[in-house]
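Per-chain numbering from 1; labels A, B and C assigned in written order.
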Amino acid sequence: MRRRLRGLLGLAIGGLVLAACTDTLPQSSFNSAGDVAQQQKDLLIPIIVIATVIFVLVEGALVWFLYKYRHREGSEPLQVHGNSRLEIAWTIAPALILAIITVPTVSMIYALAKAPAGKSMTVYAVGHQWWWEFDYPDLNITTANELYIPDDTQVYVKLCAAGTTNSGTPVGAPCTVPAPAVGEAVVHSFWVPRLAGKQDVVPGRTNTMTIEANEPGVYPGQCAEFCGLSHAFMRFKVIAQTPTDFQAWVTNQQAEAPTPVAGSAADGGLQVFNTAGCIGCHTIGGVSEGIGGPNLTHFGARDCFAGCMLSVTEENLSKWLHDPASVKPGSFMPNLNLTDDQVTSLVAYLESLK
Amino acid sequence: MEAGTAIERKDDHGAHYTSTGLPTVKVAMWIFLASETLLFGGLISTYLLYRGRSVVGPYPKDVFDIPYTSVSAFVLLASSLTMVLALGAIQRGEDHRFRIWIMATALLGLTFISGQIYEFTSFFHEGLAIDTNLFGSTFFTLTGFHGAHVTVGILMLMSLASLNSQGRVTKDNPIAVEMVGLYWHFVDIVWIIIFTVVYLIPTGSPHP
Amino acid sequence: MSGMLKRPSATRGWWSWATTVDHKKIGIMYLFSAIFFFGVGGIEAMFIRMQLAGPNGHVVSEAVYNQIFTMHGLTMVFLVVMPLGAAFANYLMPLMVGARDVAFPRLNALGFWAFIGGGILMYSSFLLGGAPDGGWFGYPPNSVVSPGNGMTFYCLGLMVLGTASLISAINLATTIINLRAPGMTLMRMPVFVWMTLVTQFLLIFSLPIITVALVELLFDRRFGTLFFDPGAGGDPILWQHLFWLFGHPEVYILILPAFGIVSEVLPVFARKPLYGRPFVIFSGIAIGFMGFGVWAHHMFTAGLGPVANSAFGITTMLIAIPTGVKIFNWLGTLWKGDITFDTPLLYCVGFIALFIVGGLSGVMHAVVPSDYQQSDTYFVVAHFHYVLFGGALLGFIGGIYYWFPKMFGRMLSEKLGKVQFWIMFVGMNLTFFPMHMLGLQGMPRRIYTYARGMGWDLYNLMATVGAFMLAVGSLVFLWNLIVTFRKARSAVADPWDGRTLEWTMSSPPPGYNFAELPVVHSEDSFWHEKYSETRDGKLVRREPGPEPQSDDGSKVHMPSPSFWPLFVAGGVAIVAYGVIYGWPMVFFGAVVFAFGAFGWVLEPSSEE
């Protein structure tokens, strides 16, 4: 019986550890690719092992007792009321195990709460309904949906919620310029599981966290606090690059938007952009200063849009520009009643913004 | 108000048998008041946590009239005294005196409420409404709930006078008076706390 | 006027149920209401699972989905598990302490009818512009700005339900404290009564706190106050603190009655006493106190800072101890017992097995830095469904099978009960175990759908299949009820060879419970009337068996029925609707309420 129990235990633990260590899923906390996520996983795995041991022992005892003490002809129940010493012992034993677990737990709470020491870069992650804005205050870059970071630097993320409150007050400082009437300021949560656990994004507060990627790659994330109609579509990607590639990206981002060739479809799109009402919300470097909507200066270099709900294709962009709310319920981007021609040229313009 | 139930057992002497020796209604009233401490505790905590956080005025120091509110606090305190006198009267079987003291309690309570209505109206005219700022929201909600409790108390006090006239609340069955008394004293104590914490203790921050 | 004040006297028919003040009838009404709402909440769950069965689902719209998952949570917590606790507490507790009814029978009826009013209020929202859609936890600012009346119904519905529960809690606590039979000291009370007592105090102290939160939310929505408005200095985190100060004790309110049931059922079917009874009682009391010290473990990612997170991480680890230790006590009860596998025992064993899983995942949540990954994901959904479905619900179903003969004079079918058990046990694990993995693999909660290529497809499909199994199991239960009620009454007073006082009465008991109030000499007093123990722990049947209860209750006078509780509850509901539909309705409701209150006070007492 004991051999069978040990075998079962080994199988269970082995299976779990194997599963945890070979996880390749894109948004899995066990597929850790950054220091913070690694620490969090390394703390959890031994505890899962302990929990599995306890599970097998206690459930095993349950099943064993049910089998051994089932009613048979002549069986007699032992009228025992308890054993104080045993009960004290089985109160102290779990307490000790928990005390032991508490030590690395508390220590890691404090470690993760500190701002990064050494080389670091500050980024603002701003939660809007229902998309993520990313600002690099020291680099003068504002972008959306895709957070580019170098893979050799700790990134100190400051989290703000932007939007309008119930009394009509726009909030979003200190991370972004508060914009009236483009979304409500609600609680979100910033979560990129492969790099770090989440932190909530609370209007009126500025929470902080650190992320760091071990190597270049694309690390998806999404909002993890229910925030309204399109909560499920508030997604983003963290894109880690080598320092050289990242510098190239920075240089490109800091430049103004490329001017389209005169007379081209993209040029026609720029005219639509300037006249159809887009400039109220959307900023394009060298073209417009809008507030409230995502910065589109280098939109053409992005893979996803609409809160990373859709990939950048002509078909998706077309559908979106015609009627955003029909694609993404509750979207605060208005339906500007654009004609098909206007949409086509806008799409050409957006795709030209590399 | 039924002062006890047919469920209670009587012991050999005909008195109601209970596990603790206390009347059942009394146990229930104390438990109810315990829950009320959490209710007012929550509202007072909200007030305290939000003290000094209003973004626009009017602020407390702009509207409070401490001498005025002190008088109305004293009125409520006096009503607790008359309540005690009322209870003493009915326990001695002095029905007429009981009715006088219980109506005096109700009247003092009514005076308190009237004072509050006047106070809130003047705050309103000075620009403080429940939706003006955090101070308005927390202040009016807290004092409004307290005032509602006082009002319910006044209705109960007046009912006791009427029940006494009908012979349903008497020297032999005074428990309802004691229970309303407990409630009334509780509401008074809550006001002492609110008065101290909200009116008297200065905030010490730029926006009091 | 005096004609109106005459008390109703119906003993049969629907009017007798509408005017009853008998704790047993009220308990039965709570039971069937809970079963009904379980069906409704279950249908909501089926919609959720169908929507999430595969990526990019479109079974319902986003707006409807948000209402469905909100109502599913509200229904299961407030309209199913809490009323199940109330059902058993109401029916059993007076019988177990040797009382004829609760301390305030009409107030008891009011608690029930206000509960019904609250349920109607909540569900009428579907027909009145849309149900609440901000989650059962209602976090502002989203819950403040959510358009329409849905979240206003949330505030009002919960305030009515909370008031109903508070009234009931005061009543039950007073009964336990003050109306025990002679000789029934606190330590001689059955463990179920102890768990009920702790539960009532948790309600008494936690409900006012959520009332404050709901008032503030309602006022923000309806009157423009600024409690949760960050633009005016308000803080959405205040809601979280107030809500979870209620919300955490609430989960112990949900589970403690089931702990009590398991503690009663196991000894009967193992035929030996609860192992370490005093420890089980004290750990229940400890949970009651400690339950108020862990609330911010629902807020580990809210940014409270390392001091708060560490403190609450530690208190959460600590509360695992009294919770977990009970499991050892139950195992000790089974050890060296003489176990028969009747359906009630199966469910209680299922409870233990599944609660262990839920408890262990709970401890994992207490590992705060890892909780930054687990929080707000399907890992949490797995955890609480293991403790609430695998735990509380299975415990209550076991209780239903166990006390059904006492309540209704018939035994539920053992065969159907066992079929139901196995379908539910397998289905439950199939539905909720994969959610542990989904959560750790990055799937957040409360999402309408998910993208292809995340690797979540298989586990979600499994969960949906499991949910269908649970639906089938529920239908088997329904069938069992129908089939059983068609049978004639046949149960004896003591079909299970029970230990506590309710088994001394006929099945069902007479209205007055005891013809003569019992005098109690020990814990498990009925058992000790039937059996004694030898020094080496053997059972010896006493001769002769205990005298059957004399059914002559002609000298016992019970409180008469009354319709004023129904009336007053109606007034409360009208006031609540009035907050949405205008002051005239509030005023009308207040008049109804006041009229009802005076009628209540002035109606002739039952002695006339």
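We adopt the following convention: a residue touches a chain if its C-beta (ideal position, glycine included) is under 8 Å from a C-beta of that chain, and two chains touch if they have at least 3 such contacts.
What you see is a predicted model; the values in this text were computed from it and never measured.
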Quiz item: Which one chain sits nearest the middle, judging by mean Cα positions?
Solution: C
Quiz item: What are the two chains with the top count of C-beta contact pairs?
Solution: A-C
Quiz prompt | Furthest chain, CA centroid comparison against subunit A | solution = B
Self-check item: Distance between the centres, which are taken as Cα means, of subunit C and subunit A, whole angstrom
Solution: 35
Quiz prompt | Inter-chain centre distance, subunit B versus subunit C - centres from mean C-alpha coordinates, in Å | solution = 33
Quiz item: Centre to centre, by mean C-alpha position, how many angstrom separate subunit A and subunit B?
Solution: 50
Quiz item: What residues in subunit B touch two or more of the other chains?
Solution: 131
Quiz prompt | Touching two or more other chains - residue numbers and ranges from subunit A | solution = 167
Quiz item: Using the touch rule from the top of the page, what residues of subunit C touch 2 or more other chains?
Solution: 224, 226, 231-232, 234-235
Quiz item: What residues on subunit C touch subunit B, complex-wise?
Solution: 99-105, 166, 170-171, 173-174, 177-180, 182, 184, 204-209, 211-213, 215-216, 219, 223-227, 231-235, 238, 242, 517, 557-559, 598, 601, 605-607
Practice problem: Give every residue of subunit B touching subunit C within the complex, in rising order. | Solution: 1-2, 5-9, 17-20, 22, 24, 27-28, 31-32, 34-36, 38-39, 41-43, 46, 49-50, 53-56, 130-131, 133-134, 136-138, 141, 145, 159, 163
Quiz item: Which residues, counting only subunit C, touch subunit A once they are in their complex?
Solution: 61-63, 66, 134-135, 139-142, 144-146, 220-221, 224, 226, 228-232, 234-237, 270-273, 275-279, 301-303, 305-306, 309-310, 313-314, 317-318, 320-321, 324-325, 327-329, 331-332, 334-341, 349, 352-353, 356-357, 360-361, 363-364, 366-373, 375-377, 437, 440-451, 453-455, 533, 537-539
Exercise. Would you tell me which residues of subunit A are touching subunit C in their complex?
Key: 19, 23, 25-30, 37, 39-41, 43-44, 47-48, 51, 54-55, 58-59, 61-62, 65-66, 69-71, 75-83, 87, 90-91, 94-95, 98-99, 101-102, 105-106, 108-110, 112-113, 161, 164-171, 184-187, 189, 191, 193, 196-200, 202-205, 207-208, 220, 222-232, 235, 329-330
